[in-house]
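To start, the structure under review is shown below, and the notes come after it.
Chains here go by letter, A, B and C, matching the order in which they are written, and residues are numbered from 1 within each.
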Amino acid sequence: MCLAVPALVKSIDGLEAEVDLGGVTRRTSLMLAPEAKVGDYVLLHAGYAISVLDQGEAEETLSILREMARATADGGA
Amino acid sequence: MTLADGFRDTELARGVLAGIRQASTRQVRLMEFCGGHTVAIMRHGIRQLLPPTIEMLSGPGCPVCVTDNSDLDKALALARLPGVILATFGDMLKVPGSRSSLQEARAEGADVRIVYSTLDALDIAGQNPACRVVFLGVGFETTAPTVAASVLQAAKGGVPNYYVLSMHKVCPPAIRAILDSGEVKVSGLICPGHVSAVAGSRAWDFIALDYGIPCVVSGFEPLDILQAVRMLVDQLEKGESRVEIAYRRGVTPDGNRRALEVMAQVFEPCPARWRGLGAVPGSGLRLRDAYRRFDAEAAFDFDPGPTVEPEGCICGEVLRAVRTPRDCGLFRTVCTPASPVGPCMVSSEGACAACYLYGAADE
Amino acid sequence: MSERILLAHGSGGRLAHDLIEKVLVKPLSNPLLDRLDDAAVLPGGGRLAFTTDSYVVQPMFFPGGDIGRLAVCGTVNDLSMVGATPLYLSLAFIIEEGLPLADLERVLVSVGDAAREAQVQIVTGDTKVVNQGSADGLFVNTSGLGRLAEGTEISGSGARPGDRVILSGTIGDHGIAVLSQREGIGFSTPLVSDCAPLNGLVAEMLQTGARVHAMRDPTRGGLATTLNEIAAQSKAGIRIEEEAIPVRREVQGACEMLGIDPLYVANEGKLVAMVHPEDAGAVLERMRRHRHGRDAAIIGEVRAEHPGRVVMKTALGASRIVDMLVGDPLPRIC
């Protein structure tokens, strides 16, 4: 449940933002994530940003995943 | 390159899968209780790719599926009132109530409109001052704050013709009810990523503490789910039971404080009926007294009629993960996406619909 | 002339004649139509293909097209899918009283443009006006006649095990463009429909001499539904690869936001063809050189196993069933 997609904040006007989802842009409300800044990725759900995504954590997670995959390739955990 | 792309890397996914196969030695049952996870798992065929030591179960994670007939009947009764525009998320359109569905009501002349957001419902209210717009509030902690925000906005903007019919629910009490019933033996839980983005991973602490069951909060891309499975397997191999976050880019232990505040300002807990679980105390959300004027239940005089449950439908048991769709005598025979009997088949994330649409090709 | 269509415009009197002459015939003028006889008398003979379709799209105007363009392209494409050369179209309108004349004029300009692009002629037509509330603005029907070369046998039942499945381009463009225009789902950057006549592309494909066994344009219900139809008609199985299917970034983004699967979204300028494996390469190359086939790709194959079923190899390497669409794809939040 809870279809939410990452969207890039392109511009902000008060508590409204224009966000970009892989090429299409849409207005979204920042009432629930007022700390979002231009350049942030937010989780877009039903017309609202419900969370600001942490890009640093995204990178970190991808590293962890690469470790999980590499450990196997090396033949040991 | 969106933030999601990196988490769809198929090369990487195959590597992680290999890691899971290697790490998993004990027989375990992992349950997810989020329709989005149900669909993602089926769509990418993850079940097939996991080793036989890992069994995947689907719990009551679809807010559409757990909506009781009595609630849907209320929505139908309201939709049929003259001068009412019922605005709803698309998910609810075809869900059968005791006698009808919103889609059927629309065909009979009720003004039922699909919206993507409550913001659109507010626009409709503004454009139709002579009508009363009732928004059908369905969804868990991810969605309830957005509906609460719309009420605050209506209050601030002095919108006189906007109402909410709340059938919102919160997850933790229902999970507790399922675990307490002891019907299903679950080794580990895959926790919903977007509910957790709002509620925080702390919302699941009670599961590890009171039941000794490990929990991992997962995102929705294939790699997210595989990571969560691996983390659960690792905990289970070591006999641990902690709450961990795999979906670190979106979820923190405390969640979204602002969203929780907005939700608490407008809503308060109340008892709610869950399909399959019956009454679960403290699991529903209703509008607080301060916002009573927006509450469709208070503002309108309507009669939903007697509640009737469909014969032979075992949606309740499927939702509690004690039976699977294929156990149901109606599955694929009488009950299909074209003519659904129960909500598990109507909702695109219901276990039955997911199984029907995406079922393994070697079935 | 009045600004809006009135019931009188459909009644056969002076007002109706004015409308037909100035608004309907003028933009489409050709010797056959200009006669305005009760029926058009057509030259030639041979094997004929005949099709009909009605168009009720809402909204009438959308980025990349309108109901007029759709009405021409849809029928031209149906003829093309059996390998016929589209030649003549009929054009019938049912107009809701009160429709702005300017809208009707705009539609007719589109019809004329599309007909010229597709090199077909509108040779006969009809107009009716109904009471307000009895039609959703404008309903259009086009029927089309095309000619088949001797020996052309292209049918939904013709797919054979071993055939390659070729898709002419990106999926989901039209349906998402129309859906996003509807109430409440707007995007600031509009998504554009792919509405286009495919007879030129098909002519190129057939010119190679390739053995094209089956063809269809995946309109309502999307690629998934069309493949299921062909699998059922041909009593064969179809296997496709998720990674091979082209989808535009913007369409993918919009679909993800709305929770809709592009496989089930309508297309109005795409085709899927089942081609003999030895000829598939040459056909693909020729398609890619045509403006409506730039993104053409081989997305799978026809097989003897699981007849009537469509199976997809997911990006992760698992297999899953791709069923037909049930009902319209609805935006969801869950």
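In the analysis below, a contact is a pair of C-beta atoms (placed from the backbone, for glycine too) under 8 Å apart; a residue touches a chain by one contact, two chains touch by 3 or more.
Just so it is clear, the model here is predicted, and its values are computed rather than measured.
Each chain gets a centre from its C-alpha atoms; the one nearest the centre of all protein C-alpha atoms is B.
Between B-C and A-B, more C-beta contact pairs join the chains of A-B. Chain B and chain C have Cα centroids separated by 37 Å. For this pair, chain A with chain B, the centres built from the Cα atoms lie 21 Å apart. Of all residues in chain B, those that touch two or more other chains are 2, 4, 14, 35-36, 62-63, 89, 116-117, 120, 139, 143, 349. Multi-chain contact residues, meaning those touching two or more other chains, occur in chain C at positions 253, 256, 259, 332-334.
Along chain A, residues 1-3, 5, 21-22, 45-46 each make contact with two or more other chains.
Touching chain C in their complex are the following residues of chain A: 1-3, 5, 7, 18, 21-27, 44-46. For chain A in complex with chain B, the touching residues are 1-6, 8, 21-22, 29, 31-34, 41, 43, 45-48, 50-51, 53-55, 57-58, 60-62, 64-66, 68-73, 77. Residues 186-189, 191, 248-250, 252-254, 256-257, 259, 332-334 of chain C are the ones that touch chain A when the two sit in their complex. Every residue of chain B that touches chain C in the complex is listed here, in rising order: 2, 4, 8, 10, 13-14, 17, 35-36, 42-46, 48-49, 62-64, 89-91, 93-94, 113-117, 120, 123-124, 139, 143, 222, 336-338, 347-349, 356-363.
Contacts from chain B toward chain A in the complex involve residues 2-4, 6-7, 12, 14-16, 18-19, 22-23, 34-36, 61-63, 89, 116-120, 139-140, 142-143, 145-146, 149, 152-153, 192-195, 197-198, 223, 227, 230, 246, 248-251, 256, 258-259, 262, 349.
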